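Before anything else, here's the structure in question.
The first chain written gets the first letter, and so on, giving A, B, C, D and E; residue counts start at 1 in each chain.
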C-alpha cells in the first residue's frame, strides 16, 4: 500500500533565538500512517513538532503538507489545513470549562459534528462527567484526555501528538493507543507522535524515527518495532 | 406619596451612578478583564468617542447616529493601535502600562494641538421631567437604559457566540489556540477594538453632558478602574454587580456627606473588597461555582 | 514509627469529594508508591500534605507532630520536600541559580558553588548550568525540579510523577538515585503511572481510587489484584 | 581574621547573578562615573548642580520600585503614596521642631521610618491577603489616589498638626531645608554644591547597598518568588514575609525621595500622589530596564533629563514626543533602553564567542 | 549699538488640565511685549521672553522657576495659574530673591515682597457680587465650590458677606476637583430651594455641572467669581445652560468700552484663532505694562529699586478694563469689576460696573510689605498677626 505523502520535511533547521536545535531533519509521512518519533530528553522532538505546526518558524529547509510547502503559513492556517496538535504538558485553557475547551477545537475543521462529540465522550467518559468543570482544576491525566479530545473535535487529517501517554494511567494509555489505532483505521487519520513509553510505541506505531541532537539518526521499521529490546535500545540512543 | 418620591430619587441617583460606572468600565473590563492589558489610554478612547460624536452632531447628524459613529471610530482606532503597538506586548502585560500611557499622552496633547483647547458642546437633549419636588433630566434615564443594554449585548456576545469562546481561549493560552486553528491575531484586534468601541460609546453618550476638553478622559478613568478591580476579571459576573454596589455606595455617601465622601468611600471600598475578595466579585463567584 | 500519618483526611471541592477519609501511614525509611487512576486524588493528597490545600477535616501528622494547619514553608523546613506533577521552576533564572536557591538553606556559602556543581552533574544538567531554566526541554525541567527537591536534603521526599517524559533508561537511573538517597535515610513517597519504576523502587504500594485507599501491599500483590487491574492497570500488567 | 573574611564575603555580594556588570571593567567604569559625578560641580553652574540634585531625588524612588517590581515581581503603583507620606511627615516635623540641633536630620530619618511603617501596614494587608499581579498595582494605585484626594481637601485651618498646616491642594510649604549642625554655624542644604554631595553620597550608598541586597540570599529568594512563588514556598521560604520585606524597603526609598524632594523645594503637594505622579516611576523604571538596578538608575536619570529637555525645547510637541518615545522604547527595547543598549554593546564585545541563550 | 535686553520668564500651562484658561495668558504677554518692543522697548532695552510650558504640573514650575532665575537670569517672571503651582514656585523665588508676577485671580492672602499679584481677589469680586444678588433675588444662598483652598476660602468669603448683608446660607457643598457627575448635587440644591446659587467650580470636569443642571431644569439664578471670567463656559456650552449666571469679572472680551474693543481687535489680529480673551489674559497683558512702568521709573530692574517705586503707591495703568493700580502694602492690584450677566442665548450684558475696587483685605488685616516681608499666605481664619 503506497499512498500519497501527506507530510514531508526537507533539511529542516529551526531553534530558539539563533541557537539551532533542529539541524537538518528529513522525514516523510504517508497518508494514513502512524509514525512515532523517539529520542532522549532535549534532542529536539518537541521542537520538531512545533516547527511542523508552525509555532516555531523554520530557519532553513522546508515543511511540505500534501506536497505543498507550508513554511509561510501561520499556525492557525496550518491547523485549518487539517493538522491537529496536542502539546506536551497539555496546555488546556485553564479558566474555561471542559465543554468550552472542546468547542475551541471545532475551529480546525469548521464543520461541527455532533457525532464527534459523542465519540469523544465515548472514548473519554470522564470528560462528559466533568463537562462543566474548569479545565485548570482537572487532574493531570484528565487534562491530557481533554487535550486529545479537543483536537479530535476538529476532525483533522493529520494529528501531531507530543507525549500523549504522559501522566495517564496504564489502562487508559492502552485505551488511547487503541482509540488512535481505531480512528486511524476508520477515518484514515495520519498520526505522528512523540513518545517514550515503549508499550505505547509498540501498540501504535507502524514506523519510528529516532532523533538525536536535532537530527533523525535512525528509522525503525514495523519489524524492528516487534522487538521490545530494540526499541528500548533506540530510545536511549 | 413622599416615600415614593424619595424612593424614586434614591433609585434615580443610584441608577445614575451605576450607569456612569458601567459605561466607563465596560471597555476597560473587556480590554483588561479579557486581555490582561492595563489600558491607560482608556480615557482617550472615551475622548475620541466624545469628540467624534460631538463633531458629527455639529455637522447635523442625529444624536444616536453620531454616538454610534463615535463608538465606531474609537473601535477602529483601537484595532489599529492593537495591530501597531499592543500586539507586541501580550507577553509582557505590564509593559502595556507604559505603552498605553505614551499613547494617552500623544492623544491628549495631539488633540490640544490639532483641535484646540476645547470643543463646543451640543447640549443635552430630551429636556426634563418632574417627580414630587424634584425635576430630573430625561437624558440620564436614557443613559441608564444604555448601560443595561450594553451589559446585555456584551453578555450575549461573550456567552452566546463563538467569538466569545475563541476570545477567551486566545487570551488564556494563545499559542495553543493558534495551533487549534484560531486566528488569534484577528481575535486580539477584535477584542481590543470592541473595548475601544465601548469606551467610545461611553464618550459619545456622555459628551452632551460634559465639558469637552482634551483631558476629559481622566474624569472617567478612576471610576472605571475601581469598578473593574472590584468586579474582577469577568465582565458579566463582575462589572455589573460591582457597578451596582458602588453606585449605591456612592449615591448614599454623596447624599449623606457630600461628594468627597462619595469619592473616598468608593476608593476605600476597593481596598476593603480586595481584602475580602482578592480576585474581585467574579473571582469569588467563580470559586463558589467551581 | 511512621514519619507521616494521615487520619481520616477529607477534602471537598465544592460538591466533589476528592479525598475520602484517608488513613495512611508512611514508615520512616520506607520507599512507597502511590498509584491510582487519573483523578483518583493523588496530587490532591500531596497538596494536602504540603499545605497547598487545607483539608476539610482530618489530621496530618509528621513525626508525630500535628501539621494539619501549618504553613507550607513550615512543613518544608521540617524536612518535607516535593517535586510537582507540572514542573515548577524559576523560569527566568539560570539552571545554576535554581539549584542555588534550593541549596542556600543549609549549605555554607563557601561550599555552595561546589555543591551546585555536584548536583548539576548528577542531574546531567552541567552543560546547561548557565542556560535559563525556562528554555529547558520538558524532560530537563523535570530533572531540574527533582534536583531542587533533592537539594533541600529532605527527610521525606514527595515525588509526583517524577519520571513522566523520561526514557526507560532515565527512569531506571532515577530509580537508582532514589534508592541511593533512601539508603542515606530519606523516606520517599512517589506517585507514578510507570509500573516498571514502581516495581524497581517500591517497598510498598498504595492504590488510591475515588479518593479512598483501594488496596495496599507489595507490587506483586497489587499487580495480582484483579480489581486493581480492572480500574487501573488494564490487561498488559495483569500477568 | 574572621572579621576580615566576613567583610570580604559581604563585599563579594556587590556583584552576582542578579546585577549586570562585574569584574574590573565594570568597577573601573563605576569609579569613573563616581569621579566624574564628584568633579561635576567644579565645572557646572549653580543651576545645573541644583537641577541634578533634583534628578537624584527621584532616583531613590525609582530604585525602590526596581526592587519591588523588577526583582520582586510585584508592581506597586503606589510609590508616590510613600513619597507623599514621608514628604508631609518631614514638613510637619520640621515646621514643628525647627532646623536647629540637626533636628532636620532627625526628621529625615523619622519621616522615612514613618513611610516604612505605613508600607508595613499596607503591605501586610496586601501580601498576607495574597494579592498579587495586576491587582496589586491597582490597589496600590487606589491607595495613593485616596491619599491625594484626602490631603487635597485639608485646606481648612482645622487641618493642622502642631503648627504645621496641611494646606490642602495648594500644598505645604515653608518647611526648612535639611540642615547639618556645624561648629562654624549650621550648613543649610539648599539645592547647591553641598546638597549635591550629600545626595550623591546617599545615592551611591543606596545603590551599592541594594546591589548587595539583591545578590544576597535574600535577593535570590525575592527573584525566585517573582518567578514562581509556589516553588519558592516549597523550598521552605515564607513568601509573604519576603514580599513584605521587599515592599517595605522599596517603599522607604520612595519615602527618602519624598523627604529629599520636600527639602529641596521647601514644598510638598498632594499632586505628588496623583495619577500622573504615580505613573512616572513606572515609566522611568520600565524605560530604563526594570530587571537591573544599574539600568534603572541610569534609565530614570536619562528619562528625567530627556523629558525636562523636551519640555524646554519641544514647546507644545513635548508631550507628543515623550509619548512617542515611550511607545517606541517599549516596542524596540523590550528590556528597557539602558539594558538593551548594554546588551547590544556587550554583544559586540563578545562577538568572538557568541553565547546567546545564556545569562551573563 | 543694541542695548542688553530685559528678560522676562513666562511659566504658564500650555498643555494639560489648565490649558483651556491659560494659553491666552501667554498670548497676552506676547502681545504686550511685541507692542512695547515695537515702541522702542523699556528705556530703549528690548524685552525678551523666555517661555516654558509647565504642563499643568507643579514639579515643572519648580524646575523651571529655578531655571529662569538661575540659568536664564531673567529680570522678572510671570508665572502660574493654579494656587498650588504658585505655592510650588514661591519658595524658589524667595530663595533666589527673584521677582514674580502672579497674573491670576485666586483666593487671596499672599503677603510676599517677591510677588506682585495682578489677578482679582475675593473681596473684590464678592463684596460686589453677593450684595447685588441678595438684593435682586433674595436672602437664601447656596454655595457649591471646588474642594480645595480656592473654593474653601472663597466660600468662607461668601458666607461672611452673606451674613453681613442679612442673608442666610441654606447649603454649602464642596466638590473634589475632577468630579464630573452632579446628579446628587443638583438634587441637594433642589431640596434647599435657594434664591441664589453661588458656583465656585474650578477645572474643566467641574464645569460639566452647568450642562447637567440645565438638563435637569434647575433654574436658580447663579453667581460666580470664577466661571465665565476664566473658563468662558458660556462659550463652550450650548445655551441656555448658563442662562441667568452673574459673574464678577475684572475683564472679559465682551466688555463694551472703546479701550476694550480696541484691545480685542489688536488681539485677534495677532492671534486670530484665540477662542476667548479671559480676565487672566488681560491681567497678564497689563502686568507687562505695569512692569515696564516700574522699571522705567526705577531706572533699574533690581527688585529693591522697583519696590521703592511700588511703595509710592501710584503705579497705575490704563488697562483694557479701565485704570488699575498696585497697592503697596500687599502688592495686589485694584480692578474695575464688571458684573457680567449671561442671557438665555448666552450673550453677555453688564448690569453693573464697580470702578477702582481695592484689594483691601490683606492691608487691613496687617500685611504691610513696605515694612516687613513675611512671605506667607493668610486666610480670613488665619490672618497675619499685626506688625508690632
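The rule is simple: a residue touches a chain if its C-beta (ideal position, glycine included) is under 8 Å from a C-beta of that chain, and two chains touch if they have at least 3 such contacts.
Keep in mind the model is a prediction, meaning the values are calculated, not measured.
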- Item | Path length in the contact graph (chain D to chain E, fewest steps) | 1
- Return the chain pair with more inter-chain C-beta contacts, choosing between A-B and A-C. A-C
- Note on the structure: Expressed in whole Å, how far the mean CA point of chain B lies from that of chain C is 48
- Message: Using mean CA coordinates as chain centres, what's the gap between chain A and chain E in Å?
- Response: 75
- Task: Would you mind pulling out the distance in Å between where the CA atoms of chain A average out and where those of chain D do?
- Result: 50
- Note on the structure: Check: chain D positions touching at least 2 other chains come out as 149, 153, 316, 318-319, 357
- Task: Send over the residues of chain E in touch with two or more other chains.
- Result: 15, 147, 174, 176
- Message: Two or more other chains touching the same residue: where does that happen in chain B?
- Response: 108-109, 112, 218, 222, 260, 263, 290
- Which chain B residues qualify as touching chain D in the complex? 32, 36, 38, 40, 85, 88-89, 92-95, 97-99, 101-110, 112-113, 218, 221-222, 225-226, 228-229, 260, 263-264, 267-268, 270-271, 274-275, 278-280
- Write out the stretch or stretches of chain B touching chain E in their complex. 9, 12-13, 16-17, 20, 108-109, 112, 116-124, 127-128, 130, 133-140, 208-216, 218-219, 222, 251, 254-255, 258-260, 262-263
- Message: Under the stated contact criterion, what part of chain D meets chain E in this complex?
- Response: 45-48, 50-51, 54, 149, 152-153, 155-157, 165, 167-171, 173-174, 190-191, 265-267, 269, 271-272, 276-277, 308, 311-312, 315-316, 318-319
- Which of the residues in chain C come into contact with chain D in the complex? 50, 52, 71-73, 76-77, 81-82, 84, 88-94, 96-97, 100-102, 104-105, 109, 130-132, 135, 145, 148, 152
- Task: Please give the residue numbers of chain B that touch chain A in the complex, ascending.
- Result: 162, 165-166, 168-169, 172-173, 175-185, 286, 290
